[in-house]
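Paired with chain B in one complex and with chain C in the other, chain A is shared by the two complexes that follow.
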Partner chain A sequence: MQKLLRSAALAIAMAALGGAAVQAEETLDKIKQSGKFVVGIKVDYRPFGYRNEKGEMLGLEHDLVADIAERLSARLGKKIEVEKVVVTAQNRMQFLQQGRIDFMIATMNDTPERRKIVDIIEPNYYASGVNLLTRKSNGIKTWENLKGKTVCTLQGAWYNKMLTEKYGFTAQPYAGPNEAAQATLDNRCIGFLDDDAHAASLLLGGGPWAEFEVPLETQAEAPWGMAIRFQNPELKDMLSKATAEWHRKGTIAALEKKWGIKPTKWVQTMQEKHKSQ
Partner chain B sequence: MVAEWFRQLKESANVNLTIFYDRFDGLTYLNGLATTVKLSAACLALSVVFGIGGAWLQRSGWAPLRWLVNGYVAFFRNTPPLAQLYFFYFGVGSIMPLIPDGAGGTHRLFDNFQWAVISMSLFAGAFNVEIFRAGIEAVPKATTDAAEALGYSRFGAYIHIVLPLAFRISLPALNNNLVTMVKGTTIAYAIGVPELLTASATIWNASTNIPEMMNVLMITFLALVGILVVAMHRIERALHIPGYNR
Partner chain C sequence: MSRPFAVLLPFRPGDGLAGIAGHRADRRAAAGLALAAGLILVHAAAHAATAGAKPAVLETLWRWTPFLLGGFVWNIVISALAMAVGTALGFLLGIAQISQVRAVRAPSWFATQLLRNAPWLVLLFYCMYLLPFQLHVFGTRIGIPDWLKAAFGFALPVMAYVSEIVRGAIRSIPAGQWESAEALSFTRSQTIWMIVIPQCLKRMLPAWMNLYAIVTMASVLANVVGVSEGLTAAREMLAAEQRVELLLPVYAYVLLWFFAYCYPIARATVFLERRWAVAH
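And now, the complex of A and B:
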């Protein structure tokens, strides 16, 4: 009986492994056969990915996907259609693992833990750091201005301690970005210690945020990564080359300008680095 | 000295108690302890006042006043305390007037600590109303009749005869509710009050010493609630009337 169980378990494990391997090997072939490039992308992160009044999806990441689709069409010798699947921070990696999407570009930070789960493309295509979303009338100009002030933050953010210790403000941590944003609007604190890309997206949304600004020098920058499933060397190589070319040609900087994002130092540094190579 | 020992404990046994050697973590935790004590003391006092006041108004001859108290008890007893806290802080708190803070800026009337006190006192107070009502009802009718026969007014009899007896009868149930309330102050975590849970979370997110901080947090609350229980037992014993109700 035990033997039977063991061999059954083994068979299931083999099937699972085999299935994953087959699926993984085929991504580029699958795209060629179906003529469809299934992409997991966000629409809740203006201007990186959002919907306009007509309900159309657009944004910086959507432009990058269009560029990749063109490269795929050229390489595979046939017109490749992009099929967009809307993902969120909670489901993006699962969707990729389960094969519901073939490629993910969803404002995701590149971390060692995530690299164990999905194959993250190098070089990174973007980076965001920490800045302060604050009322223009507060007149905050430098990090040192925050000394003794109360600042709304996110629970669990690793930089809370580092920045509190360094600049001597009091952190008021909230469960999520929406609570922290609401508390900031309610004048509970001098400003919201937020991801600069997220802060920029709130500013672009206008409304009550029209009176706000992101005035400080960004700290604690972390890179963003696009991802595919493991064991897709050809697709990975193609995406790596595309990203390197974006940096070399200044595509990302141009897109920042197009979407009204304050030029980030990280993008400039990457551009210089890849130009010299 | 002590700091050195705890630093070595991390090296040798991989038990990382940063609060004993890292200045920032230590101060964060001490501030958390002070905030929890202040929060608990304020809620303790206010909730008992709400309880006694509510129980008195509940016996009022004017029906709308009784309905008001019953409505208050029903609302706060039948909704979750965390939801109440969010409701007060983001729902009611957002429409509070802006007042100047003296340094050129403005802030909302009632900050997160004050809302935590208001919300949790009202919640615990609703239970205290019921606890005191039970105590008042347990005072024999004959006792009140005797007081009235001796010339006490209704209010006088309540203050001098009924309440002192009712308070003694209510004490065990009151102790329970106050212990629950002190432990419940941790929900102030949700609105960023820097009490013990918030402080612990800040520390473990930066130092990734979650198991250690969980233990420290548990021991701290065990001690805090232990002190409260001992104090309440002392009060119970001091107020005991020999031969009454035994």
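And now, the complex of A and C:
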């Protein structure tokens, strides 16, 4: 029966691949032809991407996409509409590979493994690191203090394995930041191993978080990458230039301010670097 | 039925009008309790939240209600479509299961058993990731939206369950019906379509409605594979509000929506079961 299942799955997979094989055309041509820029973006990560109660999508990354769409319109000489496809950390790479989306900007860390699968735009547009959101009364001062403790983490975060091995704590993974944050409030773990930008935005919210702090030295700082499919040199070049210009003009720093994100050192460094070029 | 006998039978709910009324009152009370419990949960959390300067939980829920309902509608769309497709295919599969031709009977039995015993989430994963997201027909691209793929994913188990419901219902028709039909020189297909199936419909309906309620509740599984529906909307709302005290009230609220939708179906099922119960 397994054999049958497997061959059935294979047959369906081949049919699906047959459909995908037609995707070989250049993305930029496709955008010009259809007038649509299909973007994979997140809505579960405030303030980078989220929805308001009307269901409209907004956030820092959504602003960047609007900017790219304007550049595309100017370059292609016709109005390009943005079509947003909501992605999650689990399906974003696959959607891009399949051709379901043409461009991905989804709070994704730029890692060597991911570079093998999709074409990540350089320079990177943002960066974040990992810190611990913990009760002040826990008295955690260094990463070494975590040895033997249980820490709430996010499922599928690339740094989980590295940090648990390095500092000898036990990871208790949760499906999303809300669940992990709730577990932390309920004292099911010593703290939440969170993205520093996200942790800072929770602390800003006050309420039950007034008793919390982010005490450690940020670890595993990794840049975020926008991505496209391979073999799209023109689009890649255009996106690289756009990102460089954002850094030069301080667009990202301005957006951090707009969305209430604590200014990050990485963005400032990039700005100085690109200004001097 | 039993013969009259000089003994006081124990009271059974459902015996006589008073019994039925009492039974219903019990159920209503249970429903009321469940609703109240949900609301209390929401209320309690609301009080905890008023300590801060933020709007109360109830107010926040109210503000997001149109958005959450917009997500919930997809649960209904997906489950209704899955039921429609699954019932049509399952009906044929069920009749094929009682075919006199082995080459028809055996594969349909196998398909039914395979799909009926596979976890729904696994079938859903297969449909989501193996079906293409668009088709090329004569040079034009036709997109296949996620919810359609999810509906198809749920239609597979529905098909298998309906197949079994149909087979079971046909089997439950007394042999006398078949024999009388034969005596009146009905052909086999005439017997099935004109005599057996019409009697089966009544027997199948409660089970079928039960299945529908189950599919509706299962449709939140689509959230796992990234399809927008009620639970996805709830999670997006939580991500936007970034208030952990909302976590439980929001999930309780979504639960109430499902309860409000599925409970009447359950009530109607019980009613029809009782009304159409066949005395043996």
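Everything that follows uses one rule, which is that the second predicted complex is superposed on the first by the 185 of 277 C-alpha atoms of A that agree within 3 Å, B and C clash if a C-alpha of one lies under 4 Å from a C-alpha of the other, contacts with A are read in each partner's own complex, and residues count from 1 in each chain.
Methods note: a contact is a pair of C-beta atoms (placed from the backbone, for glycine too) under 8 Å apart; a residue touches a chain by one contact, two chains touch by 3 or more.
Note that this is a predicted model, so its numbers are computed, not measured.
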| Can A:N52 be said to touch chain B (first), chain C (second), both, or neither? | second
| Which of the two partners, first being chain B and second being chain C, lies in contact with A:Q90: first, second, both, or neither? | second
| said: Once the two complexes are aligned on chain A, which partner has more residues of chain A within touching range, chain B or chain C? | reply: C
| task | Scan A:R71 for contacts with chain B and chain C and give back first, second, both or neither. | result | neither
| Touching partner for A:W158 - first (chain B), second (chain C), both, neither | first
| said: One more residue to check, A:E179. First (chain B), second (chain C), both or neither? | reply: both
| said: Which partner chains sit in contact with A:G207 here, chain B, chain C, both or neither? Use first/second/both/neither. | reply: second
| remark: Interface residues of chain A shared by chain B and chain C, listed 179, 182, 185
| Any idea which chain A residues touch chain C in the complex? | 1, 9, 12-13, 15-16, 19-20, 22, 43-46, 50-55, 86-88, 90-91, 94, 98-100, 176-179, 181-182, 185, 201-202, 205-208
| What part of chain B is in contact with chain A in the complex they form? | 24-25, 90, 93-94, 98, 105-108, 111-112, 189-192, 194, 198, 201-203, 205-207
| field | Residues on chain C engaged by chain A in the complex (per definition of touch) | value | 49, 51-52, 54, 63-64, 66-67, 70, 114, 126, 129-136, 225-226, 228, 235-240, 242-245, 247
| Mind pulling up the chain A residues that touch chain B in the complex? | 138, 152, 155-158, 160-162, 164-165, 170-175, 179, 182-183, 185-188
